[in-house]
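Next, two complexes with chain A in common: one pairs it with chain B, the other with chain C.
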Partner chain A sequence: MYPKAKQAWLLLAALVILALPPMQRFLEQSMVMHMLVQIPALVIIGWITGKILPENWKDNIAPWNRWGITGIALAIIIMTYWMLPRVQDAAISEWPVELTKFITVPIMGMALGISWPQLNPIAQGVLKLEFWATFMRLGWLYLDLPDRLCANYLLSDQRVFGQLLLLAGSIWAVAWTLRIMFGIRIVNT
Partner chain B sequence: MSTTEVSSKIEYSDSEDRNALIAVKSHLIAGLLVFLLMMLAGLAMRAAQGTWLEIGADLFYQIMTVHGVGVVGAAMITSTGVQWYFLRQYVKLSNGVFWTNFFIFLTGVVLILGSIFVGKYGGAWTFLFPLPAISMGAWSTGAAAVFQLGLLVIGVGFLILYLDFGRAILARYGSLSRALGLTQLFGKEPVDYKHPAAVVASTMVLIVNFMGIAAGAVVLVMGLINLFYPEFKPDALLMKNLIYFFGHVVINATMYASVIAVYELLPRYTGRPWKTNKPFYAAWFAIVFMVMGVYPHHLLMDFPMPAWGLIVAQVLSFGSGIPVLVVTGYGALMIVYRSGIKWSTSAKLLFLSMFGWAAGVIPAILDAMVTVNRTFHNTLWVPGHFHFYLLLGLLPMLIGFAYFLAGEGDSKERPKAVDSFGFYAYLIGAFMTSMVFLASGANSIPRRWAAHLPEWIGFAQAGTIAASLVVLGMLLFIMRALISLPGANNPR
Partner chain C sequence: MRTFLATFLVVIAGSLILWVSTDEGRAFTAEEARRLEIRETPRPVPDWHLQNQDAETFRIQDWHGHFIVVDFIYTSCPDVCLILSGNLKTLQKDFSTEEKSDKLRFLSISFDPEKDTPQRLKEHLSHFSADFRYWMAARPINPSQKKAILDFFKVIVIPDEYGGYTHSAGYHIINPDGKLVAIFGIEQTAELHTYLNQVLKEKENVSKS
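Moving on, here comes the complex of A and B:
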């Protein structure tokens, strides 16, 4: 029980540090940091929280989350919402939106962490391909769109972000191929 | 894993087997019926080009779109039925997933039919950007979107099915390279002559189609975004690359899925086993890359394409088809030679498919040469080559399998007169249909023209007559399939 409690405190501390105004400003001043550092950090905090929830909580959730479907559906809804550029933009300018982000994104991570292992492997495969395709589609969009999507970020920022998404998607594809074709594990996906 | 374990078959419960047989038959019957309807559509197009039938240009392009997408879909669903029937004997596949794909497929079909005949979409099955968005009033943005959505839905269904294939193959063989026979090819394991050809072929199909669907998932959504947000103009050449990668892989793979019927059935009819060996593995390994690398032969006239891509495409196109064709064609000849084979309709069709495939790639290879393509690009030469190996290569495999499943392989009866008549009507009709297309192409008649110039009409009329023969043969095949298939027991 003790290590779990300690982990919980660490996670809370991490969340608070991310929310501290200087840290927040630092991470949100560029689109790349915002999207590829802050958001993933929030998701990871949620994911680990999901793993270390007390057993009786997990037992209470389980009947509502058969095969992980409810949790994944919730995660997808939250994810889709935060994929809209204008809400990310609003999070920077308006504190209630920012607060919502700091609450819902970790919840999404938690839902994913609890539900992913329970999900049917085929559904996992479909979602993985869909996530991968989303990286590629958004990367392409961010590179090619003529206008800025966010009032708060420069076009050049948007372009760099697009390139990074495409890069990440490509690395993912190679890692996946190596693993399935030859059983070589680079990262544990 | 010992050799005996690798070659042993999977056990299913009786009810699972019964359900599986119904599922395979549903795939076959649905697919063959769509083929028949699409052949009628083809006949109508040919008759319209030959001025024997009066249809407006907009309807012509709707028919052309439904024909293209319909036969590709039918080829996918029917060949998947064949593949699944054999693959499940070696790895544990789920009936539920197989059915799921079938129903998702039907949903996609409804969407696509709606987009074409209600929404009037006529931008061809290749939905080449930016055509779907600039119909000049012939169809709405919504119709084009529903068409692409239908394709996307069908892609998801197949993705689910391939994930099940992948899961089952990995569960049994550990990695796809082992299932492909690469560990044997490169000497890490002794060669196992009983390693099932169905597993090798299915692994190849699984890999390339997975990649094809992944590309499709990206490009279809980019097309959809462009439809609703025209300021977003993706790079047209990149879109074309992805579309042709997706389209070429998907239709090409149906051939490699269906050829499993040849590997599995010819040995039954000749009483000689089909042994896998190193050349066989090498051929299938090569084809994984070739099927994915040849598609730029559709882009030979796109001058901004990087030259290396086109050179690779030309070289691979020369080689593509050859490895598997050689091991399969040679294997088929060797297995049949002096075996005392009984020429049932199924055996005849399977053997014909070897000819259709082998002969059909020749015009394809010719056209993949840049110098030839300069003249033949977008002429009826192109439909000539693909109708050749689809009508005479792919369909005979599928229909041959249907005959096998209808119980013909078991019975001692000789082929009925109707079957023989159907066979020859089909053979001659299909051969003529393809040759007339090729001759038209050689005479520089363009493809995808609703109205033909007076000088070309003779060709179209000859094509119409040939097409009616195909339809007649197919009609007889279908009637036989519909009568005998539903009640037939699983052939032992």
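Moving on, here comes the complex of A and C:
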């Protein structure tokens, strides 16, 4: 039990550090940091929290979440919500929205962490492909769009974000290809 | 069964939240949201005191009874503001008949009051051969007022990498009753033109009858 309790404190500490106003300002001043550092960090905090939940909590959740379906549905909804540009803008200017982000994004990570391993391998494959396609589509969109989507970020920032999404998607694709064709496991995807 | 129920609830609640938070699927960006919001619920414009290009105090109230087209600028702007003000120049030419000029005014508000002195505001207007009687450039007189104005119009200004600013660019329409009634994007000049034609005609009919 002891290591779990210690992990829980570490996670809480990480969440508090991310929520400190100077840290918030630092991570939210650019789109890239906001989307590729702050949000993934919140997801990871949630994911690990899901792993170390007490066993009896997990047992209580399980009948409501067979094959991980409910959790994945919840995660997809939360993800879609935070992909709306106006919500990201609102998170910067209105604190209730920011608070919602700090609660729902870790919940999304938790739902993913609990549900993903239970999910049917075919559903996993479909979702992975869909996530990957979203990276590529959005990356292309951000590179190509002549207007800013977020009122709080510069167009140049949006372009860099687009490039990074495409880069991440490409690396992911290469890793898959290597694994499928040659059985090389670079990353565990 | 319980999984089915839970999933069903999550999907229904989630779809509702997404529906509501995009104004029924009509606004996905903050810019779209502010335009939609104003169209549906016009807001009375507070009576701010600004300083104009002749260093005189100007109140929005001074132009009560006119349609006012407001744009936001900073005079050292290299791109968007030039297009904004360039379009205002075209509008001023198109709506130049005396009758219409009496109903329509243009106001360029600077969000860079430290640099944009009355002198520079005047130069800015001169660049666009503005008719000073109908087109005014003005700056807020203190930082708190600047914030109040930007917040009211929901104009977001962020510093860019060249020492200038990137900002929400649009035309904000204040009606003769002093309410903010519409916002047009920089790309919607044709719509703005049609809108002004229509409302000015309506106003004419009202004042005749």
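As a working rule, the second predicted complex is superposed on the first by the 189 of 189 C-alpha atoms of A that agree within 3 Å, B and C clash if a C-alpha of one lies under 4 Å from a C-alpha of the other, contacts with A are read in each partner's own complex, and residues count from 1 in each chain.
Throughout what follows, a contact is a pair of C-beta atoms (placed from the backbone, for glycine too) under 8 Å apart; a residue touches a chain by one contact, two chains touch by 3 or more.
Model, not experiment: these values are computed from the prediction.
Clash-free side-by-side placement of chain B and chain C is the outcome of superposition onto chain A.
Once the two complexes are overlaid on the shared chain, A:D144 sits against chain B while remaining clear of chain C. Between the C-alpha centres of chain B and chain C, as viewed from that of chain A, the superposed structures give an angle of 100°, to the nearest 10.
Once the two complexes are laid over each other on the shared chain, residue contacts for A:R25 go to neither chain B nor chain C. In the superposed model, A:I69 makes contact with chain C only, not with chain B. Contacts of A:K4 after superposition: neither chain B nor chain C is touched.
In the superposed model, A:I77 makes contact with chain C only, not with chain B. Between chain B and chain C, it is C that contacts the larger number of residues in chain A. Once the two complexes are overlaid on the shared chain, A:R86 sits against chain C while remaining clear of chain B.
Applying the stated contact rule after C-alpha superposition, one finds that A:G183 touches chain B and leaves chain C untouched.
With both structures placed on the common chain, the touch criterion links A:Y153 to chain C but leaves chain B unconnected.
With chain A used as the common frame, chain B approaches chain C to a shortest CA-CA distance of 10 Å. Within the complex formed with chain C, the residues of chain A that make contact are 63-67, 69-70, 73-74, 77-78, 80-81, 84-87, 89-90, 93, 148-156.
Of all residues in chain C, only 2-3, 5-7, 10-11, 14-15, 17-18, 21-22, 27-33, 156, 158, 160-161, 166, 168 touch chain A in the complex they form. Chain B contributes residues 97, 156, 159-160, 163-164, 166-167, 170, 174-177, 207, 213-214, 217-218, 221-222, 225, 231-235 to its touches with chain A in the complex.
Those residues of chain A that touch chain B in the complex are listed here as 121-122, 125-126, 129-130, 132-133, 136-137, 140-141, 144-147, 173, 180-183.
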